[in-house]
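Next come two complexes built around chain A: one with chain B, the other with chain C.
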Partner chain A sequence: MTRARGWVGTYAALIRNAWLVDLQYRAAIGLWLLWGITEPAIALGIWWAIASGGPVGGYARADFARYFFALMLVNQLTIAWDSWYLDRWIREGDLNFRLARPLNPIHESIADNIAYKARSGGVILVLWLLVALVWPAVRLSFDPARWALTALAVLLAGAMRFFISFTTGLLAFWTTRASAVMELHAGLALFLAGRVAPLSLLPPALASVAGVLWFRGMISFPVELLTGAVHGASQIQRGFAEQMVWLGLWFAAYRLAWSRGVRQYGAVGG
Partner chain B sequence: MTEVRLPTFRVQRSAFRILAALWRLNFAEELQYRANFVASLVGTAFWIATALLTLALFFRHTTLLGGWSYWEVVVLLGVFNALTGVIEAVLRPGIGQLASEVRSGRLDLVLSRPVDAQAFVSFRKLDVWRLTDVALGLGLAGYALARLGQMPSALQLAAFVVALASAAVVVYAIWVALMSLAFWFVAVENLSVLFDAVYEGARYPVSAYPGALRFLFVYLLPIAWTTTIPASALTGRLRPEIGLVAVAVAVVAFALARVLWSQALKRYTGVSG
Partner chain C sequence: MRCVDAIDSPLVAPVILAEKLSKTFRVKVREPGLAGAVSALVRPRYRDVHAVRDVSFAIAPGEIVAFLGPNGAGKTTTLKMLTGLLYPSGGRVEVTGFTPWTGGSPFKRRIALVLGNRQQLAWDLPAEETFQLNRAIYDIPDAAYRERLAELVALLGLAEVLDKPVRQLSLGERMKCELAAALLHRPAILFLDEPTLGLDVTAQDAIRRFLAEYRDRHGATILLTSHYMQDVTALALRVLIINRGRLLYDGLLGALVARIARVKRIELVLGVGVTAEALGRFGTVRSFRSPNAVLEVPREEAAATSARVLAALPVADLSIQDPPIEEVIRQAFAEGSEAET
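So, the complex of A and B:
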């Protein structure tokens, strides 16, 4: 009981700290947000133009609009920059003082993510509401149960993307090109996670790859849960099951990379 | 650039000697990191592959994008990649560092030199490996032209070269203007992200964008033209005379950026300020 209270106190302090640091850099965060919005906005623009003659693969113009607005929100809430940070911490030695603390550095990263996403996700949510006032195409039907399920899926997707990013960053223990691996992953995710198009519009071979790997659970599943493209108990259960399996596997990968890497890192320092 | 004779800007002959010396040093330095050449090449090839795949995805569901056929858009992608090469090789390592230098006061070291500060900041560093992007981009455009089955005439080719050079000048002017903002907004260290965000819009022809987006990318932040105009000159969508208009736009953009830069520099207070 006291242990749990200790963790709550630790996280409250870490999140408060991260929130205040972000507050200093709010203009910079605004620019990152803008950058995160343009990619889906451009994809929406192109699909909007393509769908001028009628629905494309079952997606009418308004469906695309809802899809990409949901994508902006989900992507912002699940995006993780940690591989980039870890790559720098390990190469430049900023990891050293973090290792000296009586707390695994991953908790600082988790707290950073919570603070950052509470702010930036909130901004996107407000933006979406404002746009929805004037543009009916992006309005969702009122469905609290679906929204609650989406919140859970977003949480799982965020956790998974965090461990993917963190683990990839840990590759910096062994190679100087960890960030290149992350970029490769981001390039694949462009298609396989549904960032340029809903997965159902991909060539079937590509879509099946997305279904076998972890990419669908990263973005596509929560997005389509929110828009209603994923419906019915069996589809929803399958999506959650996939997310949990891949989250477990990436968590295991993180544990492995961390314990091996830190040992190796100490060896270099000594 | 030498033709531009603004009262505050005159290129001295020594400037070219300094530039040559700087780039020679840079080149010698980069030769130490030859693995970066391979990494850059692989990175660009991967980027082109994702861009082509994205395009193929769009064209699975349509035959024209803003009135442009698949291979015409590939020509444009080639132009986009060539311009990206110029940005990554010269602009980002040079003037792209300005925001953090203004913030930390390291700009003092630049201003104390007996050379034009804007020219030095802009062209001091050449990330030579990224110039492969220019070659790969132009190669892609050439291949797409061959697939279109149209060889541009000498006049069209000349118009393309002029339009592309003008586009590079316009992009440069945008970077100067953007980075000059650092003198006002000292706390914002990632100003270049603003460029990256909007530049994404230049990946497709301007005619492909509907309503609000077109207003944003085409009129409010006219970056999209920097790829559409050269590609149009190459495929013959626009008459070669467009080259003259492009030069005029480039001259105006350059002059405006120069004025903004000199205004911005007055606000710099250095380390002690």
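So, the complex of A and C:
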């Protein structure tokens, strides 16, 4: 009980600090949020124009609108920047004082993610509700069971994207070019996770790669759940199973990278 | 030269024990130019850099020990191994009964690490926010936190700066806040890496007085590295001298001076008409700017020579000094290097 209270207190303090720092960078946060809205908005604009003559691959204009609004929310609730922080902490020695504290640095990153997602996700949700008031196309049917399943899928996707980001950041223990790996992954995810188009519109070979690897579980599966694009218990169960398997593998990769990495850490700088 | 003076086997159980501690880094070797870059890519070559080699020492509870050495000597690497940041390549370390890299939270709660050129304070927030965060991380009870913070604020004179964003603080104020943040959990051992780096004389002095006071009050053990000899002379009776990864000297600072400095300096304020040549008859004139002069003589002859100078020349003032500690340390490094080659 005391231990649990200690963790709650630690996380509350970390999240509070993250929010306090955010308040110092209001403009930067606003710009990141704008970027989070702009990317799906542009993709929606393109598909809206393409679908002017009728549905594309089963997606009518209203379907695209719902898909990209759902994507906007899911992306903000699952996005993780930790690789960039880790890369800097390791290369510039900012990991040193974090290693000297009785708290694994991953907890600071998790708390930062909770703080960021609560803020950005909240803003996007409010934005979506406001747009839905005047634009029926982006409204979703009220289905508590589906929303609950979506919440679970978003949680799994967020956890997976976090461990992917944290683990690729840990590559900085071995190479000064860890950021190149992150860039490559971000580029692949742009297409394979469903950020520029629903996966069903990708060429079959690419869509199958996205389905076999972890990319679909990162964003597309929760979006499909929320918009109702994935049907049937078996399809939904399969999506969750894939998410859990890949989350487990990325968690194992994190554990391995962390335990090996700290052993050969050079602890640069004073 | 590997010397141990006076302090080799503490009577009480040591809180820091290093035995044959070694750290070797594997460094990629790259020739300059484009060809070198391509060759390093195709066929990378590595060489071993022995940052620390077979270093052994023991530190008793409550001691303040200074770790000295030129840049790249291995002192910070040793400090990082003692705090568990680095895994050693060989040897054994025990700090407050723990092996640092496997000690986990219980070990980390007993130590504090302050790095002079890296900070844990959140740059954009007042220092008190970092203090609050550390209170949660170290699970410090409310009453203890308030009492310790009040003590640290009083000792370090922080009352005026607690609510200012860290980025607006001077370097000295920031270091004081760093120390406060590092000491809230009341660690048994403080590892300080260049704690006065870049500070002005007043701030350096304030940090030194604080550290001495803190040790006296709480019995903390302090191991510090510094390039400022005033830090060493003001705080540490005992020094560890390391160069090229090897421990050259472990002992009392005074004993080191007696061992290394074979001369004494007689500082004089002379009367009118004394020339450098006249003074030169008694020893080596190190400086002569009338009426002040410095005469260097063999250590064992200092008293007799002083008496002869007083009898032969008009002298307004005279004092016998050891050479500056910087010079002694420099000589120790040089002798250590010669012994190695």
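The rule is simple: the second predicted complex is superposed on the first by the 265 of 270 C-alpha atoms of A that agree within 3 Å, B and C clash if a C-alpha of one lies under 4 Å from a C-alpha of the other, contacts with A are read in each partner's own complex, and residues count from 1 in each chain.
Just so we're on the same page, a contact is a pair of C-beta atoms (placed from the backbone, for glycine too) under 8 Å apart; a residue touches a chain by one contact, two chains touch by 3 or more.
Please read all numbers here as calculations on a predicted model, not as lab measurements.
Taken together through their common chain A, the two structures put chain B and chain C side by side without a clash. By the document's definition of touching, neither partner reaches A:V245: not chain B, not chain C.
After overlaying the two complexes on the shared chain, residue contacts for A:R177 are found with chain B alone; chain C is out of touch.
After superposition on chain A, the vertex angle at the CA centre of chain A, spanning the CA centres of chain B and chain C, is 80 degrees to the nearest 10. Of the two partner chains placed by the overlay, only chain C lies in contact with A:D94; chain B stays clear of it. In the superposition on chain A, no contact is made by A:L129 with either chain B or chain C. Looking at the shared chain after the overlay, A:L202 reaches chain B, while chain C stays out of its contact range.
Look at A:P102: by the touch rule set out above, it reaches chain C but stays clear of chain B. With both structures placed on the common chain, the touch criterion links A:N17 to chain C but leaves chain B unconnected. Taken over all C-alpha pairs, chain B and chain C come no nearer than 6 Å in the superposed arrangement. In the superposition on chain A, the residues of chain A contacted by chain B and by chain C overlap at 24-25.
If you check the complex, the residues on chain A that touch chain B are 24-25, 27-28, 31-32, 34-35, 37-39, 41-42, 45-50, 56-57, 177, 180, 183-184, 187, 190-191, 196-197, 201-203.
Across the interface of their complex, chain A is touched by residues 39, 43, 46-47, 50, 53-54, 57-58, 60-62, 65-66, 185, 187-191, 193-194, 196-198, 200-201, 203-204, 208-210, 213 of chain B.
Residue ranges on chain C touching chain A, taken from their complex, read 25, 76, 80, 83-87, 104-106, 108-109, 111-113, 115-120, 122, 124-125, 129-130, 132-139, 165, 193-194, 197. Those residues of chain A whose C-beta lies close enough to touch chain C in the complex are 6, 9-10, 12-14, 16-17, 20-21, 24-25, 93-94, 96-97, 99-103, 262-267, 269-270.
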